[in-house]
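Shared chain: subunit A. Partners: subunit B in the first complex, subunit C in the second.
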Partner chain A sequence: MLLLPATVFYMIFFIIPFFISLGVALGVFLPSDAQISRGEIITLRYFEQTFDRIFLLVLLRSLLLASMTTVACLLIAYPMAYYIAVKAEKYKSFLLILVIIPLWVTFLLRAYALLTLLGPEGFLNGILIGLGIIEEPLYLIYNERAVLLGMVYSYIPLAILPLYSTLTRLNKSVIEASRVLGAGPVKTFVKVTLPITKPGVLAAVILTFIPAAGEFVVPSLLGGPDDVYVGTLVYNAFLAARNWNWGAAMSIVYISVVLIGVVLYLRLVGEELRV
Partner chain B sequence: MDPAVELENIVKRYGRILAVDNISLTVEKNTFYSILGPSGCGKTTLLRLIAGLEIPDSGVIKMNGTVVNKVPPEKRGLGLVFQGTAVFPHLNVFDNVAYGLRMRKVPKHEIVERVLEVLRLVNLQPEIYASRRVDQLSGGERQRVEIARSLVLKPRVLLLDEPLGPLDLKIRQKMQAELKRLQKSTATTFIYVTHDQTEALSLSDRVAVMRNGGIVQVGTPEEIYNKPVDQFVADFIGESNLLEGRISGGVFETDGLPPITLREYDGVNGKRMLAIRPERIEVMDAEKLENRVKGVIVDKTYQGVYTVLKVSVSENLTLTVYVTRPDVARRLVVGDHVMLGWRSSDCVVVGAQ
Partner chain C sequence: MRLGDLFLKIFSAAVLALLYTPIIVMALSSFNAGRSLLNFTGFSLTWYIKALSNQRIITALLNSILVAGIVTLLAILMAVLTAFAVDRLGRRLSFAYNNLLYVSIIIPEIAEALTIVLFFIWVSFPLGVYAVIIGHLVWFPIVYIVIRARLVGMSKIFEEASRVLGASWFRTFIHVTLPLLLPAIISGGLLIFTWSWDSFLKTQFTRSPGFETLPVYIWNTAAGRGRGILPEVNAIATISIAVSLTLAYLYVRLRTRD
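Here is the complex of A and B:
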């Protein structure tokens, strides 16, 4: 009974749209004129159109970007969450607010801030040139590096929050017990803290990887013309090529790949999620 | 022989709070030593200082004769059982207990041997418990795992911080007996922090009573109970009738009671406080006792093991009396006139040496 609201939410916002998209991808909904004239109710042509070399390469590239983003976010977010949850006594709430505030500022503004900071006439280049460290400005924007930077920048708050959540519930006595039993700080972290906070890490990975794989705002604002990802392709299919069926087919393939990947990952890392 | 632990002039401040105020004490080897005091008196801080989890602002901590101020907790050769358990939730019982041994790189077969041995020692049959996950255990079982985890390393000193707090009465009593047995059979020094004076008195070889960061009295349980050094100790340890009065010529005088002749009193005269334990006051056959007073029962409370009577003996003096005999207790009701009696030897001048 308690699961009802969650189930309803899930049905409305995921299951039903998924099947609607599947319907569009199969030509059941919104068939093209050509399809109608041929009298086909279901067709696989849009899926065939999807499985071409370029799409698959782009999909791989998106997964790679999402993986790098997730790893980078974890490496940065974990120590930050640890500090806020365990070490910062007085400033805990303040620091948490600092982490959450960027989520309220639309990414568009933050992207432009990044562009201004890193652009050829921007702040960073200005200082480096002014100090005589370099002569020509560094090309830090409109390329893959900028995209990764922008991704990590936008996803860190999402990674910090679940990590913080498990870390606050960490019993400090357990850490001290490990120390008294003879484990130094590094061993204690690896053998005690990390395993206990695994649910938080898993949640952070999922919360970061899944949306990052489909991200298209960051690459379009901060990337160059070559920085094409799955999100970009789907966006273009819907809005430029106006081929909704094809766009839907690409979405279905992409979602399926990501979900299967996540399920395999969870199986691999083991244990039920006890967040 | 060097004492197990020695503290000399230990001071610890947190901001403006003086948690430990110039404490010095000595814990002899193989004793069950309790640190007893109300919440907030600094006893947990003191234990953490001994453990090395906190550093004193000043003072010397010695173990076995060696100064250990700069030695980290894992190298002090002690075990620590925390308030509210700190067993590793992600490991099963065996791995919990084996943790310290694995940190010391003890060979595998020896680990198995020692873990099984210590599990039997704390009455957790290995066949049943070794592979159990920690969250499937009851509070008492978890506490025993934590004790086993420390004892398996054969520490010289085991520090326990109110380990039996959250347990039910029956289990707590059983665990208390087990802890006492373990201390004796493993010949370890136990330093036991608690706010429960019954626990401290029944388990310890020596008790240190703490208050507001300082040690008020150190002694055997009998000394603490029968010869409290001040009103706080007399009041905190068990219940007492505390009477203010004057002593001169070996006789204690106070309003509401006849003069009490104190045998062998060679302490200071003048204004003093006298303590009489409620269980030492008789309500039957009081005529045979040296000190008697008449009074009226104004309150009667049944407490299982004994019945508590409040007897008004004068306008401003009410004495508390424990009646253990159920037949006597049943016969008495509020409003009865009774004769109370007690021996002079059961009177303690608080603070006398």
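Here is the complex of A and C:
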């Protein structure tokens, strides 16, 4: 009985809307005027519209951006998580708190803060001009590099946390054993540490990749007009073009692609995800 | 080995510096009397006074507080009820139920925002403050997880003692169970408050044209290429970040004491 109110709420406002969206994408619900005039009750038109060359290109670009973000985050987050979990000792919890705190500040404000630092009127340009190193402000943002930088900046803490939690459970005697038995630090890392911490790496990949593939805020604030990603398309289809059916179809395709990708990835590495 | 450790240390310090520099720079420029940090003309609260005398910003600020406050209270209520009720389900069923609830936390916000707004349009539910609150409330599982973890780890011994000594179920709940759960309720509440406070996409999709929260206001005035940086927005963004950081600090304090 106690379970009922929250469950019903969750069903109505979270689970059912997904089916409604599927219905909207198929034109069953909220058909567009053009569709009504053609007398179609159900149509694959919106999915066809979705699978055009431009969308596929944008989807590919989003997956690429998400992959680059994930790889860069892992490369940065792993050594840092390793340092905090294994080496930092008495500063361990303090450093962990410093990593967690930025997560409490929304992506919008962190990306905006990056804008105040790197923008044409920003702090960095100000210093460089003040020192007489450059005369005209550098265009550090409104391009793809800035988007990638902003993404990595935003997602690093998300990658550090799961890595930290597996690394902190790492049994140091296993590493010592490997060293004593004659393996060098590199070999120990590749053969011992990395395999043991695989679940953490997996969790970090999933935690960064899924949201990064649909990211809207960071590319919109830091990218140029051509830096269009799936998130941008969905946002514009709904809020600018008011083409709900198309927006729904795109978001269903995007979610499916990402989920299939994640499932394939988990199969490939042969691990079960434990959160 | 020593060299490796030193490298790790410097590397970690550099990453942390990278994480904090933009936020610190923005906060500093909001206290600058000049228009931008290019010419630091001295410490001043000009932009804060300007921001806080802007009716639109005040309204957005109050809306943010209102929405996050209501969402927090309702989410706690739902989470507590659910956390107790799940106990009665079997192991397998409660496992499945938990997984179902986790979906709303994992799914990207843009997909969630689009689905719920299409639902509202389909049932002709008016967009606006109620739609925004309902949209945020779908995140109640974040509170549920924290409370549930505490409940599972909690010894039943105090509740049983209270019952044996003759207290009713209700008295036991109010005087024994609830105080024991309080740390989890507060930390779960802090989490959902921040999620709601920070939500941009869901709010942007489900709001009515006249209704703005702080993130929506910042987006509407500052986003977009070439619009540049507005010092008032720096000030209000700094206030918003200060709120998030205070809540984060309280949360961490609470969790480490636990």
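Here is the rule we go by: the second predicted complex is superposed on the first by the 235 of 275 C-alpha atoms of A that agree within 3 Å, B and C clash if a C-alpha of one lies under 4 Å from a C-alpha of the other, contacts with A are read in each partner's own complex, and residues count from 1 in each chain.
Just so it is clear, contacts are C-beta pairs under 8 Å (C-beta built on N, C-alpha and C of every residue); 3 or more make two chains touch, one makes a residue touch a chain.
From a predicted model like this one, the values you see are computed outputs, not experimental measurements.
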Checklist entry - Regarding the shared-chain residue A:225, is it in contact with subunit B (first), subunit C (second), both, or neither? => result second
Checklist entry - With the two structures laid over each other on chain A, which partner does A:261 touch: subunit B (first), subunit C (second), both, or neither? => result neither
Next on the checklist: Tell me the contact category for A:171 with respect to subunit B and subunit C: first, second, both or neither.
Outcome noted: first
Checklist entry - Can A:182 be said to touch subunit B (first), subunit C (second), both, or neither? => result first
Next on the checklist: Quick check on the superposed pair: does A:95 touch subunit B, subunit C, both, or neither? Answer first, second, both or neither.
Outcome noted: second
Item to check | subunit A residues touched by each partner, larger count belonging to subunit B or subunit C | outcome: C
Next on the checklist: Tell me the contact category for A:106 with respect to subunit B and subunit C: first, second, both or neither.
Outcome noted: second
Next on the checklist: For A:157, using the defined touch cut-off, is the partner it touches subunit B, subunit C, both, or neither? Pick first, second, both or neither.
Outcome noted: second
Item to check | subunit A contact footprint on subunit C (complex, rising order) | outcome: 1, 4-5, 8-9, 11-12, 15-16, 18-23, 25-26, 29, 36-38, 78-79, 81-82, 84-86, 88-89, 100-104, 106-112, 114-119, 121-122, 134-135, 137-138, 140-141, 144, 194, 197-201, 204-205, 215, 218-219, 222-223, 225, 228-229, 233-234, 237, 240-241, 244-245, 247-249, 251-252, 256
Checklist entry - Can you list the residues on subunit A that touch subunit C in the complex? => result 1-3, 5-7, 9-10, 13-18, 20-21, 24, 29-30, 76, 79-80, 82-84, 87-88, 93, 95, 97-110, 112-117, 119-123, 125-126, 129-130, 142, 153, 156-157, 185, 210-211, 213-217, 220-221, 224-225, 231, 234-235, 238-239, 244, 247-248, 251, 254-255, 275
Checklist entry - Hey, which residues of subunit B end up touching subunit A in the complex? => result 51-53, 72-74, 78-80, 82-90, 99-100, 103-104, 146, 149-150, 153
Item to check | Residues of subunit A defined as touching subunit B within the complex | outcome: 171, 173-174, 176-184, 187, 192, 195-196, 198
